[in-house]
Amino acid sequence: MNEQTLEPLRKQLAAFAAARDWDQFHSPKNLSMALIAEAAELVEHFQWRTEQQSAELDTRTLDAVALELADIFIYLIRISDKLGVNLMDAAARKISINESRYPADKVRGDARRASEYDQE
Amino acid sequence: MNEQTLEPLRKQLAAFAAARDWDQFHSPKNLSMALIAEAAELVEHFQWRTEQQSAELDTRTLDAVALELADIFIYLIRISDKLGVNLMDAAARKISINESRYPADKVRGDARRASEYDQE
Amino acid sequence: MNEQTLEPLRKQLAAFAAARDWDQFHSPKNLSMALIAEAAELVEHFQWRTEQQSAELDTRTLDAVALELADIFIYLIRISDKLGVNLMDAAARKISINESRYPADKVRGDARRASEYDQE
Amino acid sequence: MNEQTLEPLRKQLAAFAAARDWDQFHSPKNLSMALIAEAAELVEHFQWRTEQQSAELDTRTLDAVALELADIFIYLIRISDKLGVNLMDAAARKISINESRYPADKVRGDARRASEYDQE
């Protein structure tokens, strides 16, 4: 996987903030708040829908949901940039941790949290 | 920007879930909950830190924060996949909307929410 | 309803923070972060459970969930105190707004958000 | 402290839902999502404000924030009701746990998370 893959997007968002003099507001603390607020707008779309309905959205809702996903992505790239974290690297590292933590033959069909396995 | 850029990661995560028979748990509704839970773990790192402290993390905390960012990214890619949303496309579309909504010369140095601008 | 009803709890939590010199950390901003982090711990208990399973928790899980609810309640009282908001008054006011906004004969059996009704 | 103190509010909210035939939507899972979405609306008010600004809200913002706090409170009472949890009891129990976990003379002026203390 090319680790430079989000670089154009990172630069575009940095320029967007710079042009508006918004770096003064973009502390990691504040960006984490903005990110979770966007995540909640995603949750809101699903809170009164069943699991099945959440997988069968009408076009208008799906379009709105796609833009919420974009908002989360934008803040995620922005906070990573501010902290100097390479998101593609971090994801690769986390996937590798998850592979050790949840061996396929141990957890198949079981979605409990790792902490719950560990209690056994 | 190459819109296929997240494709290897999307495939890797789909295979990870398939190998564990976890698709049955991965409704968009459930994934939105998992995503916001990870976003909250990010917030937790910053809740008692000042804005300035949030930008000056020690190595150990920064490492933990990077893995929280990875968790959010992983669920973001996973839910986008389940909904058939191309995250790079959606981000490009949202940035374009933001450029119209927040003209640089109107909002410079002012971070109020768009809804508040609209009330003026 | 007696509006002074949360007063003993408010005082107890204020004394708890004062004894630890924690008021310096308890800005409304920080407390809102702590509150949402606790709300996410609640969500985590339900993210891989079906709706029905969420209503039929085993004793150990129910006990853990009760303590998460307590954490949310504690931060809710604490932030209300810091802002000088009377939570019982605010709830009474919000219920009255909801009664106008969602007339029973209009919304029966329909859980869409008010904003969605308003678009009709 | 009178543990029956939230009983009138609990009953009022149960009647509100029953009159609208909304119990079918009010699984603990769904209510946890609604609760965190309201918590995020609170966070949104503070995300671009400094800690100090968050403590000095203008009247109009404070009024809006009070209603967000009410929304969180309403869902908190509602989910507790659905799970058969007495919120006042749970809070008393949690405060007692916190008193053991954070002895005043050990943690004075230090807001690190308990997990960080435990690592020492």
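The first chain written gets the first letter, and so on, giving A, B, C and D; residue counts start at 1 in each chain.
FYI, contacts are C-beta pairs under 8 Å (C-beta built on N, C-alpha and C of every residue); 3 or more make two chains touch, one makes a residue touch a chain.
Everything numeric here is computed off the predicted structure, so don't read it as measured data.
Of all chains in the assembly, those touching chain B and also chain C are A, D. If you compare A-C with C-D, the chain pair joined by more contacting C-beta pairs is C-D. Inter-chain spacing, taken between the CA centroids of chain C and chain D, is 3 Å. Distance from the chain A centre to the chain C centre is 25 Å, each centre being the mean of its Cα atoms.
Touching two or more other chains at once are residues 25, 30, 32-33, 36, 39-40, 43-44, 46, 48, 50-51, 111 of chain B.
Across the interface of their complex, chain C is touched by residues 32-33, 36, 44, 48, 50-51, 111-113 of chain A.
Taken together, the chain A residues at the contact with chain D in this complex read 25, 30, 33-34, 36-37, 39-41, 43-44, 46-48.
Chain A meets chain B in the complex at residues 1-2, 5-6, 8-9, 12-13, 16, 19-22, 24-25, 27-30, 32-33, 35-36, 39-40, 42-43, 45-46, 49-52, 54-55, 57, 62, 65-67, 69-74, 76, 79-80, 82-83, 85, 87-88, 90-91, 93-95, 97-99, 102, 104, 107-109, 111.
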